[in-house]
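In what follows, subunit A forms one complex with subunit B and a second complex with subunit C.
Showing the complex of A and B:
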């Protein structure tokens, strides 16, 4: 599948619903995402209107996940009334561009709860043995 | 899957530890001399710049010498005299551009700038996120990089991370995303210095590091210290690194070796400029401006000299070459040069006699030798003039 250029070759209607979303690139077991603006009704692998960033979900050597955002264009499209997919909204929230998405808070307390439970069970196993 | 992720984390941690170990051992040994206060205002000062440029000199053959680049091709053209002259002027301008000195600025300290703290976000992910603004057309210095830590803190990234992200998304040609081994391993660095590859090291240093980074200061200081011991100052003459080197010596009060080299090579006006620079930096109450003004009146700037040298092509073609010119080419000095030498020697001897000079005996000897040579040249000059019947002016 040919990669469309960042400036985009996707055709779109002026009044159609646009969305800022991820496109999964990379390969099997190695996800890599482009953050793009495209028509909401389209499949993710169809030509995009514009690429506005990238997201590498696997931690790099210094144990950090890298995100690139073209904030100028993102703000432009948000101002034009583009929608946001949930993962994209979460990422923009973490970046401090938008308010934090509720789902981020949810996964945070779920992670904390899971960690606490694991610790408790580990302590229990220790005291038993 | 979970196991895999854990493994990856362990791997990440290990490489992180390796990286920190590398930073701890490298880049090489620390230099003994460092700028203890901000040298930038003094360095960018117009007068200092003029002195440093004059000391650097401008040898076109050296500035435009063949380099180890893919394309060293030469273009040959037919031109009229006017075209040739304008080409010469452009060439000197280009040479000046190539000799632009890298700035000497103080080391930039990392400061923590927190944008938001959100304890409710603690443990939202297993690793931190680094966000880079890739908006089109921003300069490297104004590109924002922010980090969301796992405890929910959003802060501007450290200088090191910012540089890494800039290099990742907007790579500079020639800059590596890792520290070159040359700067990291002491034995390789020492080998470069031992082979007197100063210009190569400094060029690479300029590409790899920003002037406000501690590595830049450390490595350049080590190179200059080594140069001061090996005394191969001529290797840097007519390169962009000569100015910062002279400034470094003047700042740290160790100009004597460079001064000796300048006197030995008969660059007396440069020696005066070096002494004046060190007086200026350390606010020594000696009037150097009148001497500099006198020298300026008697001599032309390096750029003008280079241009005159190029233009001598036109003069040679005209058959009626003046006898004065012939005497000048035979001896290498004009009457004005002799006058300038006298002014400079007076100033230099004053410096040697003062308490600022450290290697007095050596400098005095050099000055004496130069004086004798100059006297012989002057005698020859006068004799030639007499023989050709040119009136003394």
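Showing the complex of A and C:
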């Protein structure tokens, strides 16, 4: 699948539902996402209307997960009434453009709880031995 | 893998199943274990997928957060919508507002420029066309002269041929001088029985004329010779 340009060659109707979402690129076991605006009903690998950012979910050498956002265009498209997919909403919430998504809170408290449980079990194993 | 595949199989009736936002947890299946027209396996018919556990506390907290988030997002959206409208009104990115006089002046400027270009190109074109015309005239003239020369040469050759024929016609044998020619031929017999070597020397090789001998008593030998010749 050839890469469509970031300026976008996707055709769209003026009043169709647009959505800001991820397109999974990369390959097996190596995800990489483009954050794009496209028609909601289309498959993710169709040509996009516009690419507004990129997201690399795997931490690099400095333990960073890199995100690039074209906030100006995201604001424009949101103002035009574009929808948001949940992962994109989470990412934009963490980026500070939108309010924090509830799912972020949920995964945070679940992670905290799992960490606490793991610690407790480790302590218990230590005290037993 | 199979579970995700089954979900895909059962969700295909809904067109939004793949593109919707709730497909986040769906595993991406590139390769299916079985074709999609096959029914659910017998061993899995009565299997009910386990729901993720969610305590009441968590559920109410999520509900509260979602309500809050939706309210906040709505107000952010409204702000952005107003921002877009404001930007469209104030910016001149895709529509430049001009007064009628300015438009007229702009149009006149374009018209003058276009006329100047047209005049320049017309001058160039005229020069080119004149040059081409001259070249063509010269070419035609040259061809005409060449044709005249050719015609003259041809006429000359034809004249010469006619003159030669006239010259030759003096020796023609016609009905009037036929008898004289026959008599002359009979009076001057020519003997062709001779040999020639590579240098063109003739070897007559016979002292007596055969023709004079053959006429009184013809014998088979000279006839055979004549035939062989």
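Here are some notes:
In this section, the second predicted complex is superposed on the first by the 129 of 129 C-alpha atoms of A that agree within 3 Å, B and C clash if a C-alpha of one lies under 4 Å from a C-alpha of the other, contacts with A are read in each partner's own complex, and residues count from 1 in each chain.
As a working rule, a contact is a pair of C-beta atoms (placed from the backbone, for glycine too) under 8 Å apart; a residue touches a chain by one contact, two chains touch by 3 or more.
For clarity, every value in this text was computed on a predicted model and none was experimentally measured.
When both complexes are overlaid on subunit A, subunit B and subunit C end up sitting side by side without clashing. Of the two partner chains, subunit B is the only one that A:69 touches; subunit C does not reach it.
In the superposed model, A:87 lies in contact with subunit C only, and not with subunit B. Vectors from the Cα centre of subunit A to those of subunit B and subunit C enclose 80° in the overlay, to the nearest 10.
Of the two partner chains placed by the overlay, only subunit C lies in contact with A:24; subunit B stays clear of it. Of the two partner chains, subunit B and subunit C are each touched by A:105. When the two structures are aligned on the shared chain, A:121 is found in touch with neither subunit B nor subunit C. In the superposition on chain A, A:43 makes contact with subunit C only, while subunit B stays out of contact range.
Aligning both complexes on chain A leaves subunit B and subunit C separated at their closest CA atoms by 12 Å.
Common to the subunit B and subunit C contact sets on subunit A are residues 100, 105.
Looking at the complex, you find that subunit A touches subunit B at residues 53, 58-73, 94-96, 100, 104-105, 107-109, 111-112, 115.
On the side of subunit A, the complex with subunit C involves touching residues 24, 40-44, 75-76, 78-81, 83-87, 98-102, 105-106. Those residues of subunit B that touch subunit A in the complex are listed here as 8-9, 12-13, 15-16, 19, 115-116, 118, 120-136, 146-148, 152, 154, 165, 168-169. On the side of subunit C, the complex with subunit A involves touching residues 15, 18-19, 21-22, 24, 28, 58, 62, 65-66, 68-69, 72-73, 76-77, 80-85, 87.
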